[in-house]
Amino acid sequence: MSTHRKRLNDVINTGFGANSSVEGSRLTNKDGSTNLRKTGLPFWERISVYHTLLRMKSTRFLFFILLLYTSVNILFAIVYYFIGVQNLVGMDGIHAPMHEFMEAFFFSSQTLTTVGYGHIAPSGMATNIAASIESLVGILIFALVTGLIYGRFARPRAYIIFSPNILVSPFKDTRALMFRIATYKNNHLTDVEAVVTVALHLKENGKTATRFYPLHLEYAKVNSLALSWTLVHPLDENSPMYNFTPKDFEDSKIELIVAIKAFDDHFSNIVQQRTSYTYNELIYGARFLPMFHRAASGTHTILELDKVNLHEDVVLPEIRTDLAESESFRANA
Amino acid sequence: MSTHRKRLNDVINTGFGANSSVEGSRLTNKDGSTNLRKTGLPFWERISVYHTLLRMKSTRFLFFILLLYTSVNILFAIVYYFIGVQNLVGMDGIHAPMHEFMEAFFFSSQTLTTVGYGHIAPSGMATNIAASIESLVGILIFALVTGLIYGRFARPRAYIIFSPNILVSPFKDTRALMFRIATYKNNHLTDVEAVVTVALHLKENGKTATRFYPLHLEYAKVNSLALSWTLVHPLDENSPMYNFTPKDFEDSKIELIVAIKAFDDHFSNIVQQRTSYTYNELIYGARFLPMFHRAASGTHTILELDKVNLHEDVVLPEIRTDLAESESFRANA
Amino acid sequence: MSTHRKRLNDVINTGFGANSSVEGSRLTNKDGSTNLRKTGLPFWERISVYHTLLRMKSTRFLFFILLLYTSVNILFAIVYYFIGVQNLVGMDGIHAPMHEFMEAFFFSSQTLTTVGYGHIAPSGMATNIAASIESLVGILIFALVTGLIYGRFARPRAYIIFSPNILVSPFKDTRALMFRIATYKNNHLTDVEAVVTVALHLKENGKTATRFYPLHLEYAKVNSLALSWTLVHPLDENSPMYNFTPKDFEDSKIELIVAIKAFDDHFSNIVQQRTSYTYNELIYGARFLPMFHRAASGTHTILELDKVNLHEDVVLPEIRTDLAESESFRANA
Amino acid sequence: MSTHRKRLNDVINTGFGANSSVEGSRLTNKDGSTNLRKTGLPFWERISVYHTLLRMKSTRFLFFILLLYTSVNILFAIVYYFIGVQNLVGMDGIHAPMHEFMEAFFFSSQTLTTVGYGHIAPSGMATNIAASIESLVGILIFALVTGLIYGRFARPRAYIIFSPNILVSPFKDTRALMFRIATYKNNHLTDVEAVVTVALHLKENGKTATRFYPLHLEYAKVNSLALSWTLVHPLDENSPMYNFTPKDFEDSKIELIVAIKAFDDHFSNIVQQRTSYTYNELIYGARFLPMFHRAASGTHTILELDKVNLHEDVVLPEIRTDLAESESFRANA
């Protein structure tokens, strides 16, 4: 390891093991979730059903509800069918089994949703009990669905877009890692904090070890995120990636783990969003271009969300290779 | 720029760009929202439907529900009409198309709300399936409406009124900017914090730039907001508006961005409210008059909310124009 | 004012005005609410309907729902009655107006609750439209009620009982003000913080002024409130009530404003409870007796909530009247 | 008491009394609840019905709903039966009392769930009023159930598993107490904090007293809990259990009270979980083995939850019995 980096304390409280050899390729997925599987407990104990239903895509959620509705309907239709459709008063005299089953199915759906037209009505003990249970089941299911729909809407989210790329840009008289964020909904974040950790996969004594370093930012907190915020990590003496060449970035397979935490006005709640950047998403020698401008009318500002990654190529200031530390790093890496 | 203000650090972490030229006229609207439009993403991705429905006025929300209810009813009425009203058992023998459509509409509403009287009932596969789907749609819609109504009521709000004006008042042996707040509902705020930032539009080298300065307050935090709270920013040497004349305020088009954050007992939650003051709302030489008094019965205190802006004209202490700093500012401005 | 108290800074950030003369008798009610009325805005703008419904007693809330249900039923019954009960198909041929009205009322309730038996069913445009609207109204009302019932249950509360009395007890080699709290439900508070402020009504230059002082506590924070917690304010040199005699307490009409804030496991939320003590609730020369003991079985601890105020009389250590400060206070008071 | 421990301050702000003699056997149960009963208030005032229903097992909760549904149904069935089933229009002419009661019961359930087929319908004032009330009761009950189901799902929980055992392991050049935690659901905790307090039951002057000491941890906070976290309390000079032999642990009947607090992404809320360890759960001379490894495919990490307690026996470094402090402790204990 470089003498330079020895000065910097790596951290072990990242939630990941310090020993790289036991870990998979990417630590944190692009969506901020951990690249991890859990075993040793039955599936239903390892999963939070509620939160899975809360986080799934709307189309899948709708499909889930349709499936649930149809399944329960079919289940009770089978019950009514086997008790005997003659107990469903009001049915016309047709006796084709498929037709009878469909009538049982429709009676079931009228009971489950408590619409209960009554042109078909239960008679006899067994059918009445089944219908009584089904209407209770219906109410419980829709209590659940009400809770899920509310939960899906009310789930606090930060609605942040991250620039797909992370840039190595000129910064003051040196260079800096930069990425850019903005909120893409009509929400407003205040007291926005960023925590960025880098994972470096380093060869030490012939073995590869993963070291985690917290990255200092030019500003780690802003009062308000109205327009965009470019997060800047200066690649100076205090950076574990000081004087890194493109090859250094690649060799050490850097991964930036990013967590943004803020207070959101909409939800009156803390919201959090995470992501990560790997070497493949790093552009060496580029800088972001503005993504907002004054409206032609002069009455307001326009923030162009499709420009979050807009950048141009630039020449970086020379790396001062006269530094022993850097030399020593490349010698070791 | 004045030598005085050079000492003060302006801030860039306000969420607004430091470069004024790219921004619109007012940074923050009177209701605390940012004067900003977002582009570059489709409308439905830029908007949080849930929060838009949560924040709209009650009358508009009621109208939205009525519209939704009627639209879905009409949609399914069209379906029943085209399947054929002969499948709606129980309808009398009239065949005027408009009458038939109305019957289909009423059957639809009885299905959507799950009231299901049953004097009109579905028969045949197609009508039964449509009715089965409509009753599910009804339950989903009203699950949504239940969530929205709860969300609207439960949305944490600070219920703060701000004095419409900001005053330049005498304060100790100098002057101060003052505005006043109170809660107007039967709520109680504790741990109330205020953050006030000023935006000054300054001419520097012939160009106009916007500089942001945090404003120090006499008290930036109170334990409890039971009566009223007058927020005081002393216009002393540490203020970026030290010795400002009315013309200075106007020329630099000051905008005060105000954020109040507190813990609310009702919601057991953090609440936040923002607003802004521009030069047009500044009164030079006035002071607030009390807005509360002891009840005639002596048993309690009365807080008069209509007096939140009550003030009287006063003569301000002389600006000490012997200060080089101030001179230099006016020379530059 | 005593020379002693001059050293202590009184505070103005209590949410109450520093000037006593404009205030009512008691600043904070026993239930922690502020003894305050607001005027200057219409009633409905000054009140948070939702929170009023959330905080009212269960019996009153139930009565409110019954009243709402009956009122809406009667309203729509009147509508159906005036459209004409002949449009309510299925009614038997009786024509006594009262009977007809009752039938309209029951049809109304069947529509409002969406039970819709259908033995009475709407016919004709006007009645159908009214029924269609009423079933929507029903769904909206019960969406509201669902939200209210959930809100009432889910409203975070601290469930703290305070000892009705505040004691002046012996403490170390001096005396202390003490009161005692415990949680009375099966809830568990952690990170419990207390903030106690005293309001002293002092005669200064012939006028009565109210001064507020924060009171230091032996422990102002406990990690966990499992059993009981006796809050102790030592009446030492740093107390604004140093060497107070019973007459001093009475003359200065002390009022202790108490706020307890904690994290509650049940709600996973911050909860807060406030109360106040006045001179009438002070007992001079008493100490609390234990309110918990080991169960006879030895397997657990028993906390006796009815003993929260259990105390015995004790003789207090002499007030050292040789102190100039105290002398000077009584001379002034 | 040992001279060593005299240096360490014990704490009284643990929520438990400092005087052991009034307390039961275990202070905190394994599930983190306090081993405590409250008396002196009626049962219904001591219990939070809502939270009891929120925290009970799913099967018991389902049983509670079934019981409630059946009870209310039977109650109203009795009412209809005594008013007279001739007022339930549509019933066939059978008059066996049991059959009549069952019909009343089914009518009741159709009213309570608002399914209201209408093949049986109320007639007469009394039956209509009863039905009108029952349908309101039905709506209120299911509003309650909707709230409870939502509340049960949305209740923030940490989903942490603790290693069943606490180990005395080698650590650096001394020994340490260690236990291990992980999250067992697809949730992600950030800003995870641990507070560990030990209760020592010590003989002092012939009496047993309970002393509480906060335990310092190698890391008391981690940024993120992605894999597992081994909590380490070094048994060094600053530990109240410095140089404890197995017999010392047993004699002082140690109990570790553990509280973990974190921010959870799923709930966007603070979550908390508590537990305790007693001497019976302590293993003297063992160390944890890794519970995660790289997947064979190399693409992710696998966390094996069934290995949370996996450990192997190890020989501990010698206790340096030459220390006067330790000697003195064992002499006293």
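Residue numbering begins at 1 within each chain, and the chains themselves are lettered A, B, C and D in the order written.
Keep in mind that, in the parts below, a contact is a pair of C-beta atoms (placed from the backbone, for glycine too) under 8 Å apart; a residue touches a chain by one contact, two chains touch by 3 or more.
These figures come from a predicted structure and were not determined experimentally.
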| item | value |
| --- | --- |
| A-B against A-C, pair bridged by the larger set of C-beta contacts | A-B |
| Chain B on chain C, rotation in degrees - Cα superposition, rounded to nearest 5 | 90 |
| Residue-number overlap at the chain C/chain D interface, same or different (half cut) | different |
| Inter-centroid spacing, chain B versus chain A (mean Cα positions, whole Å) | 29 |
| Separation of chain A from chain C, taking each centre as the mean of its C-alpha atoms, in whole Å | 40 |
| Set of chain A residues in contact with two or more other chains | 110, 114-118, 146, 150, 269 |
| Pairwise touch network: line, ring, star, complete, or other | complete |
| Complex contact set, residues of chain A against chain C | 114, 116-118, 146 |
| Complex contacts: residues of chain B adjacent to chain A | 11-17, 21-27, 33-41, 45-48, 50-52, 54, 89-90, 110-111, 114-118, 121-123, 125, 128, 131-132, 135-136, 138-140, 143-144, 146-148, 150-151, 155-156, 195, 197, 259, 267, 269-272 |
| Residues on chain A engaged by chain B in the complex (per definition of touch) | 65-66, 69, 73, 102, 106, 109-110, 113-120, 142, 145-146, 149-150, 153-154, 159, 184-188, 190, 219, 221-227, 229, 263, 265-266, 268-269, 290, 292-295, 298-307 |
